[in-house]
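Here subunit A shows up in two complexes: once beside subunit B, once beside subunit C.
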Partner chain A sequence: MRKPDLPLQYRLMVPLAVVLLAVMAYPLVFSAWISLHDYRLTRLADVQFRGWDNYLGLIENQQFWTAITNTMTFVVGAVSMEFVLGFALALLLHRVRRFQNFYRAILLSPMFITPIAVGLMFRFLLNIQLGVVPHYLNKIGIHVDWFGVDLALFSLMLIDTWQWTPFMLLMLLAGLESLPKAPFEAARVDGASAWLIFRRITLPMMRPVILVALIIRGLDAFKVFEYVYAITRGGPGDSTETILFHIYKVGFRFFRMGEAASMAYVLIVITLIIVTTLYWSMNRR
Partner chain B sequence: MKSFVKGAQVLALATAVSIGWASAGTAGSLNVIMEEVPDFDIVTKMTKQFEAANPGITVTFDAMPYDAMRDKILTSSLASKATYDVIIIDNPWMDEFSRAGYLAPLDDLIKSSAGYDFNDFVGPLREIGEVDGKIYGVPYYNYALGLIVRQDIFDAKGINVPTTLEGYVKTVKDLTGGGMYGAAMQPQRGYKIYEEWKNWLHATGGDLMDASGNVIINNAAAVKALEMYIDAYQTAAPKGSLNWGFDEALQAMATGQAATMLSYNWMLPTLNNPNGPAGKLAGKFKLYEVPGGEAVLGAWHWGIPRNASAKDDAWKFISWITSKAVDKERVIMGGAPIRISVINDPEVWEKGAGKSYFNTVLGILEDAKPLSSGDHAEELIEIVGTELSAAVSGQKTPHEALDDAAKGVMAANKK
Partner chain C sequence: MEYFQSLRTRTGNLFLESLLVVALVIVLFPFMWIFVTSLKPPDLVAVPNVWIFEISGVNWRSVLLESNIPQNIFNSLIVGIVTVVIALAVGCPAAYSFSRFKSTAATRFSILAAEMMPPAIMILPIFLLLYQLSLIDTLWGVILAHLTFVIPVVTWFLIGFFDEVPRELEDQAMIDGCTHFQAFYKVILPVVRPGLAAAAIFGFVLSWNDMFYALILTGGESKTLPVAIAGFWTFRGVEMGKMAVAILIAIVPVLIVSFFVQKHLVRGLGGGAVKF
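For the complex of A and B:
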């Protein structure tokens, strides 16, 4: 009897490899290919090779860089607020002994609402003429135009923070609960203050969890689209135009898929650089 | 490389084709894509009559929000067999879709339909459906803008409704105060601000492009229109309404916060309906032509995809729903008028919103200009709408914004 060419473990992997190639590799390769062409859905019979023109065109594309800047601002702002709030809530919940599951259920609930519904909800909640929030703020003398040119992007960050702080909470709470008890007990016996324990023991030991939480949330925040779509449509001006909204516009409203694909690839490169830098900076001693 | 391209296209289209096969119209059944708005309900109700008169044909509607329609129509058009046998086409998509070869010409079908009277459709509406000398769309619904005012306020103050832009700006400023705003404006970036401001642009004698196709969006008339628009926004519109669109402006009118708004002409019957959004204010609203008299004309047209399999049945449905008799019934039920004979029909006045309303609508439609046209119409709206928003929000001066809009329009036209 002839021995099989491939060991069993590799043969078992073949179906998965085929599926992955079909659903991941092929679209990636195809989108890379169209990024090098003038590929328009309304002119499929006349697809022209453009070389690097789509990429070079981005250098002078002011809207693209504005969208990148807005997205970076959004990611840094929203994820920072989510991290601080999420960590604070995780530390509090870590100490709670009674009704812990009840608190968790309440705090996690925003995460389970679809983002487009959250966007529509806040569009009317924060509407300066019709919204409940400005109505009560006005009563105490605070007048805020949440979607004015100065605050619109920040308002989107706040909405994201409302929805995704629970994710940070979940990750960080799991991390806190997995930490060994001994170092904390030893520090307390030695008379260390709560702040010293947090700074010298909790934070260093939580570093891997923090890194993972920041990377996952950061990558997800880069994909912000629904709030922009439901609330501001990128305005006022281009103050809330994010990169995914911009790519959607070029690709699916103007049908210039080649140009949109080149933007998506630049975004991938930028994202990889940021993740690598974050990973490196968090792991260095 | 060619085989790779083919392979890529085949796989990309395979999904669309499979979707198409899953639900494409077969003999005796028509799939119709519609926007999920009140006029869809009217068409749905009326279609029962069509099915009763044509027992061999079943009509299935796929209703969806506006934003989902363009993608769906595109996917259906790229497949070898269309998902939809009948589609509705928005004004900015008409040139692009017909030149991309998605739409079947309707000239022969129209000619072969005795008594159809295509010339009875209001001229500017009819012309939107004609591209490069062929007819690709039959009017279904008009989205022309008019000036809707709180007539009781104008009467109480003894003010005439303005017919010029200068008069309008002065009037809305005068009406502002004591919890009332002169104008509920819609400066939301993109489509909404472009649609509203273009009425102002027409009033100052400007346009996007001249007859030769030169971009004139940054000429003196355009700057004047934008400066006046910003002036009105800053002095007569609700504070913090920079992102307001149709819903918010309507809400402000319906709740008595604003005295005027530029909106779709057929919103008048809705506002004057005692069971509608305006409640106790119903009956106090009146429609006029926009200041300057040249309204922006948005319009939906019925069309048949080139790859539709049931074209004859599709035309049977379209010619039925847009026929004089059926259209009259549709307008009486609240649909937006498209035929001159229906607008001038005393029975329609009596059973509908009244003679004055229909006379005004005809006046608006006859002088109206399309929202946008050309192969890049959708993109031009976005480009200009973004720059207008930047100017209204103070990020750019009117000159800067319109110069940037002109550059953007020229660049888009070259693509």
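For the complex of A and C:
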């Protein structure tokens, strides 16, 4: 029998490698190329090489930095709320055994539905004229414009929290259920308080799961687009202009694709820095 | 003493359960409100404090019979199914290889990294490529774009499932005279069928839910469901009722399906790299 010229290990990977090269490597390289040119969809015949100019231009581009700041605020705010709420709910579900599957199935449901539907749902619910929430808040004397200048970004964070706390819950609950029982029993026998057990045993043992959950959710939150598109389109002013929405605008509304590509690459670098820092700081201890 | 203690834990548990019920209400209220809205007659849709009204099928009828939504549903189905079939075909053998042969954490994580790529970086070249090929506003473009995130997720998912199949299974098959590939194909694949189904469903949901790529790459007849939904918001109350119907059409099937894959989800997301 003739020996195959490539070990099975690699032959099995060939289809994946070919398709990923086609759909991912090519776009990555092409984007890099675009980012070094003055590439406008309206002037495809006249594409000029610009070197690092697109990148250097970003340093003084106020709108770009506003979008970055908005996105950072959004990610930190939304992910912290999701983490705290998700952890609390996971601890609750872990304790309450009755109807556990029922509770879990319902509580997880928001994470499966399309974000554009979530955005429109809450735009409708929170709308100052037609919305049911402001209507009843008015009755008890609270008058807020959820999508006004002051609150719009925060409202988007709340919406993100509604949809993605379930993801935190899912990961953290799985983490809790796989912890060994022995340390907890020993601590309880020694008379440790619930808080002490949580601080000294649960948290340290959960660190790897927490890390993965935070990284996945954080990176995903960076891509926030649908809520902005559905509700505020970046406004009022530029208070909710997030980075992906800004890139969409520059690339596909103004057709300045070179500039948009350079922003996308800066975005990759920023995300990489954040992930590495997070990973490093949580693994250090 | 014991009586008091059990009373304490029982009231304690009741308190905890009531917190869960609050969370349940917060999760369910938006769904319920949208459902109620979809049944309101058009002139009441924009009135928030009406709870009792004559149920009307006008919104449902006009969306299902007089709009483009059925076409959009069909588009989303086609895109999702084709994307998932391709993703499984290329992801499944690779996932097996990752799971069975020596692969470092780095190679495994490169799969995850591929999924984390910001769509902003992919969309420009994909758009330009399709533009040159005159494939803008066709479903092919969306399928191509969706492959960029569905393939990594499906592969990542399957690694975890293959990890759990004991190696003895294919060792035995190979002793019985199968080649390694035959052992994979005839023995291991049938064993991980539930995992394949879960990965397929999850990949499909991701494709079904995407709006960013579809918004840029489709238009007119080729719009997928999320893009069509996004077009519903206007300040006329009449449209609100239709929007509610369209939203329900997009989310209800996914919610039903999700109940079946929930228990596989953690294993899949862990991807074999994180042991829970």
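Simple rule for what comes next: the second predicted complex is superposed on the first by the 275 of 285 C-alpha atoms of A that agree within 3 Å, B and C clash if a C-alpha of one lies under 4 Å from a C-alpha of the other, contacts with A are read in each partner's own complex, and residues count from 1 in each chain.
One rule holds in what follows: contacts are C-beta pairs under 8 Å (C-beta built on N, C-alpha and C of every residue); 3 or more make two chains touch, one makes a residue touch a chain.
All values derive from a computational prediction rather than experimental measurement.
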**Study point:** Partner chain in contact with A:Met206 - subunit B first, subunit C second, else both or neither
**Key:** neither
Exercise for review: May I ask you to decide whether A:Ser239 touches subunit B, subunit C, both, or neither, giving the answer as first, second, both or neither?
Suggested key: first
Practice item. Check whether A:Val47 is in contact with subunit B, with subunit C, with both or with neither, and answer first, second, both or neither. Key: first
Review point. Regarding the shared-chain residue A:Glu226, is it in contact with subunit B (first), subunit C (second), both, or neither?
Key: second
Exercise for review: Kindly classify A:Tyr103 by the partners it touches after superposition: subunit B alone (first), subunit C alone (second), both, or neither?
Suggested key: second
Check your understanding: Looking at the overlay, does A:Val79 come into contact with subunit B only (first), subunit C only (second), both, or neither?
Key -> neither
Exercise for review: Tell me which partner A:Leu172 touches in the superposition: subunit B (first), subunit C (second), both or neither.
Suggested key: neither
Exercise for review: Look at A:Leu130 in the shared chain and tell me whether it touches subunit B only, subunit C only, both, or neither; answer first, second, both or neither.
Suggested key: both
Exercise for review: Please determine whether it is subunit B or subunit C that touches the greater number of subunit A residues.
Suggested key: C
Point to revise | First, second, both or neither for A:Leu20, with subunit B first and subunit C second | key: second
Check your understanding: Of all the subunit A residues, which ones make contact with subunit B and with subunit C?
Key -> 26, 30, 34, 41, 129-130, 252
Study note, to complete from the structure: In the complex, subunit A touches subunit B at residues 26, 30, 33-34, 41-44, 47, 127-130, 134, 145, 147-149, 152, 231-239, 241, 249, 252-256
Check your understanding: Which part of subunit A faces subunit C closely enough to touch in the complex?
Key -> 8-10, 12-13, 15-20, 23-24, 26-28, 30-31, 34, 41, 89, 92-93, 95-96, 98, 103-110, 112-118, 120-125, 129-132, 135-136, 162, 170-171, 174-175, 177-178, 208-209, 212, 216, 219, 222-223, 225-226, 229-230, 243-244, 247-248, 251-252, 257, 260-261, 263-265, 267-268, 271
Point to revise | Touch list for subunit B against partner subunit A, complex | key: 4-5, 8-9, 11-12, 70-71, 74, 78, 96-97, 99-100, 187-190, 238-243, 248, 251-252, 257, 375-376, 378-379, 382, 386-387, 389-390, 392-396, 415
Exercise for review: Provide the residue numbers of subunit C that touch subunit A in the complex, in ascending order.
Suggested key: 13, 16-17, 19-20, 23-24, 26-28, 30, 33-34, 37, 45-49, 86, 89-91, 93-94, 96-97, 100-101, 114, 116-129, 131, 144, 147-148, 151-152, 155, 180-181, 184, 205, 208-212, 215-216, 225-226, 229-230, 232-233, 237, 240, 243-244, 247, 250-251, 254-255, 257-259, 262, 265-266, 269-270, 274, 276
